[in-house]
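First comes the structure, then the notes that go with it.
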Amino acid sequence: MIRSFKRILVLAPHTDDGEFGCGGTLTRFIDEQKEVFYAAFSDCEKSLPPGCPSGTLARELGEATSLLKIPAANVFNLGFEVRCFPRDRQEILDSMVKLGKDIRPDLVFLPSSQDLHQDHGTIASEGLRAFKLSSTILGYEVPWNNLSFNTTCFVTLTEDHLKTKIAALACYRSQNQRFYSSEEFLRSLAITRGTQVGVKYAETFEVLRWIM
Amino acid sequence: MIRSFKRILVLAPHTDDGEFGCGGTLTRFIDEQKEVFYAAFSDCEKSLPPGCPSGTLARELGEATSLLKIPAANVFNLGFEVRCFPRDRQEILDSMVKLGKDIRPDLVFLPSSQDLHQDHGTIASEGLRAFKLSSTILGYEVPWNNLSFNTTCFVTLTEDHLKTKIAALACYRSQNQRFYSSEEFLRSLAITRGTQVGVKYAETFEVLRWIM
Amino acid sequence: MIRSFKRILVLAPHTDDGEFGCGGTLTRFIDEQKEVFYAAFSDCEKSLPPGCPSGTLARELGEATSLLKIPAANVFNLGFEVRCFPRDRQEILDSMVKLGKDIRPDLVFLPSSQDLHQDHGTIASEGLRAFKLSSTILGYEVPWNNLSFNTTCFVTLTEDHLKTKIAALACYRSQNQRFYSSEEFLRSLAITRGTQVGVKYAETFEVLRWIM
Amino acid sequence: MIRSFKRILVLAPHTDDGEFGCGGTLTRFIDEQKEVFYAAFSDCEKSLPPGCPSGTLARELGEATSLLKIPAANVFNLGFEVRCFPRDRQEILDSMVKLGKDIRPDLVFLPSSQDLHQDHGTIASEGLRAFKLSSTILGYEVPWNNLSFNTTCFVTLTEDHLKTKIAALACYRSQNQRFYSSEEFLRSLAITRGTQVGVKYAETFEVLRWIM
Amino acid sequence: MIRSFKRILVLAPHTDDGEFGCGGTLTRFIDEQKEVFYAAFSDCEKSLPPGCPSGTLARELGEATSLLKIPAANVFNLGFEVRCFPRDRQEILDSMVKLGKDIRPDLVFLPSSQDLHQDHGTIASEGLRAFKLSSTILGYEVPWNNLSFNTTCFVTLTEDHLKTKIAALACYRSQNQRFYSSEEFLRSLAITRGTQVGVKYAETFEVLRWIM
Amino acid sequence: MIRSFKRILVLAPHTDDGEFGCGGTLTRFIDEQKEVFYAAFSDCEKSLPPGCPSGTLARELGEATSLLKIPAANVFNLGFEVRCFPRDRQEILDSMVKLGKDIRPDLVFLPSSQDLHQDHGTIASEGLRAFKLSSTILGYEVPWNNLSFNTTCFVTLTEDHLKTKIAALACYRSQNQRFYSSEEFLRSLAITRGTQVGVKYAETFEVLRWIM
């Protein structure tokens, strides 16, 4: 049978990037009985808002991924230092190679090849290196980091998928002042992407490699 | 002074493409006392829904541009045959060269260089030919015709600009079943584009040529 | 379930382009019980070698598609004039729109967006127009027509898939002097593409649109 | 009003890159009463020709920017080590974020996204990160560092603008053996770029982001 | 031996495009004993300035190519109708295929793949079709027709090569009011291109295909 | 005379990359009496298979280049640490600048600009910096490291050239389990590339800069 994806790995530079970039798609995959793994490379201890106790984002990551029904054993918090990923690129690549051996994903999500943020860019480059021979690789959009975006792949979503994505992002209470976790914006983006392919809601991805 | 645009020409393959592609921006330009010209290359007589009287789209074009406060004398309905622009390309180019001589625009809006529709593609190619030496040229987005879009230029909009755009598109009652004229979609697109540059609402354009 | 492709439509400018561009993949799809449709836009009556009876390529198309186990009722010989597709582009688009309504394919194969041949280029452009909102669209490679090729998607093949592709191309006896139907070249290309993703054999495609 | 640029910031990897890349445009902006800021990231102490006293390039930077009528208080000499910008990228980004907070520029000039020199490339990447949400961003050309250049924006110049640019570059006496500060080359480049848009003289820029 | 070019064919949409695009390079090739062929697809009878006798451009083409020392027997004036090349594309392709059979060039010059003029674009597309398997193909620049240009290949020129190019263009007296035949512009362009590779003068080309 | 290449420098990130990327072309160049230099930036001591004595790859490099008839004095083993080239980029650039001064190559081969491996990417970037003003620069393909490849230049090869390439790669006995040194794959790749330009065998290159 045409390889239909069974084991999906999300590479999130920071906690919540995965929920934002492909939260609706993950929800749909999980509904369809696929196994999802989520690796956050930094829980951004250094960037926590003042007054926030240590470990806040790690805890919120746990809540958000639990709401998405990703088993806790499938969630990895790798603890790299926020903003310094270019410096740590070889160690990050090594950790991905190890994840690849343990998980053997057939589909990997990571930031797009054009993402401007230095940590996102590092995850995108090292992720391509680690998974290029074994996995389909899709780059998710982060509109404020993309000067432009290759909208090559669309995953259509239902109202329920979108609601779950919104709820997962709402778990990040320490980040909730962020414009990008507002329901209005999340709905607007899903409607905009859906319209490009004639459906109500969608998420879009850059196809870096597709292996059937 | 840095050339600030004073005479703006919109090239719309079909009536309503201009309102969709840059209606908010036109509203803002007109608010700022700039002179706007609107050329529709086809009023799509051949594509009118059954039962629609001849001249319907021409009439709706008049209402929509009037609502945008474009003087009637600045609106041109050029009457080319819908879907056959590639066949008529030289005549279309000639009509643009004439418009250019009469209007001397310093800013021209046209479909983006990647627009898939044959009529849009013809207006984009011939428009570049006609205006490349004299004008700044911006390509507007038509999401269902763009496999991908270079979001290089953003025009920020107010709530009022957006409302006027929505009202102008509502003048096309014969087309109102179209998904792309729904208020929900128009708001979603404006919010999505605004978020890319940290404002509430925006329209985005591909910069083909910018002359200062 | 993630939409796994069920109805596949191949757009071949000329008889045998489909077998060359995606013959191994079609074989694999048919093995997996998917329904395949094949539209040849020209049987190249004007280009037949001297001494070849009229209808030769049409007959060979029947043999080749039968060998691939595509039902005869799913094979369309549309009879456009070879080398003149740009002139007939609107009629070709209309025929594709009709095919789309009748077949409702979820996956369409066509020449890549960079194919230099004028007939291939026409099928690529019009195919994108006809199927952009409804189908996943993959561009196949034709190495002597591509200055460069975006090898984004790989379909892995078995020895049997490759043998069937070779056998299908061998049905075009009137073309058999062509270098590209030699077993040596077909094997070399499959091995080269396979190596890019670490398998024995593959065919590669440009992803123009992927809808899940 | 359409945001007409009021506060312009030039990011020069090394002293004299700004004068070369956009010296004519700065002259025109200053003529038009705009406020210009100039940040040089290195004064290349390590690369001074033998026999040149320490501080030579810093002093020449002062003369050149004074000739351009940029107030001394608007000129920043940041003192990073020449050729080592990739190593110091986070510190460079931090310094840009600080400049952004202090100056709030609406227009930023930096090396183009394709500039091959490692220091230029670092300023281009970090500058995009620092200013992507707030400013129009234009990349200037450095012909011997660009394999190719996207000539998207043209600023037309008068004879006086060009003369001032030439005079400003002549202030760098320690570099005057450089081919690129010869009057003949500077005139040739301005004429070549002007001809692309039908005027006598121009400078050209890559549009990375334009916010109106 | 590495194939060093021996038979060079220039495809000029209109008389004088070849001299402008690669006149210096042709001079150098001829100095080096290579054989050059020049095909002008239109002598622009329809565009002659008022008062100009019929055949003026054909005559000037003869003078210019003679000055370049291209044998008269190697110059072809094909007489297609100016501005209408897209309509005549198949006939143009047929004429190129014939030229190819007669001349067997190992190097072909044509307008670049990005040239905006409809006649130039047609020669570029059909030329690629005609010569893709047999020849190295270089696209020349026409700065007012190129939104951007891939400066991949540089041919270095001497003062004498440049002077001959200027003299050849001066033969087109009926066009001499054209800005692009001024000595000042031709020198400026040669200096600008030379500087990109560290020499005094050069012409630049887009490499479409290089066969060694 | 058109500069025909006389001094060729190959930049190989690791021993055997040069033989794989351009071994056939080197053989042809040497047949044609050109002088070839080969710089390997790492002999991968850290990556030797278990049980392999230190110096194995350095020794195999000597055998392979000797088989290609590159004089031992023209082979440089620079000893950088495998996988860590990004960290050592300035030192690598310095070593290239020195090679350039000593050798004065007119043609340089390096990995393509799209090569995903971090060491290959470093050699590609630094090589462009070091040789951009003085040399023609061609990027070779490494299919499992290229998501896509710009096949702009083709060097046609004879059966003997291909056999020598295969024999040279066979000298790397410590790597011989590698799929890419199998004769079947090397022949398949040469046939695939040859077919793109209508010959039996070829190697393909990305043209980064061509100076004639």
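Lettered A, B, C, D, E and F in written order, each chain numbered from 1.
In this text, a contact is a pair of C-beta atoms (placed from the backbone, for glycine too) under 8 Å apart; a residue touches a chain by one contact, two chains touch by 3 or more.
Everything numeric here is computed off the predicted structure, so don't read it as measured data.
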Smallest count of steps, each to a touching chain, taking chain B to chain D: 1
For chain B and chain F, chains touching each: A, C, D, E
Intersection of contact partners for chain B and chain E: C, D
Chain pair repeating B-D, as identified from B-E, A-B or E-F when over half of the contact pairs by residue number coincide: E-F
Copies chain C and chain F touch via same or different residues, half shared test: same
From chain F, the most remote chain by mean C-alpha position: B
Intercentroid distance (Cα basis), chain C paired with chain B, Å: 37
Separation of mean Cα positions, chain E and chain A [Å, integer]: 52
Per-residue overlap in chain A, given as positions that touch at least 2 other chains: 133, 144, 147, 152, 197-198, 208-209
Contact graph of the chains (line, ring, star, complete, other): other
Touching chain combinations (by label order): A-B, A-C, A-D, A-F, B-C, B-D, B-E, C-E, C-F, D-E, D-F, E-F
Complex contact set, residues of chain E against chain C: 89-90, 93, 125, 128-129, 132-133, 208-209
Of all residues in chain B, those that touch chain C in their complex: 83-84, 86-87, 116-118, 144-145, 147
Residues of chain E touching chain D in the complex: 143-144, 146-152, 179-180, 184-185, 187-189, 191-192, 195-198
Chain B partner contacts - residues on chain D that touch it in the complex: 1-2, 4-5, 25, 28-29, 32, 34, 133-134, 152-156, 197-198, 207-212
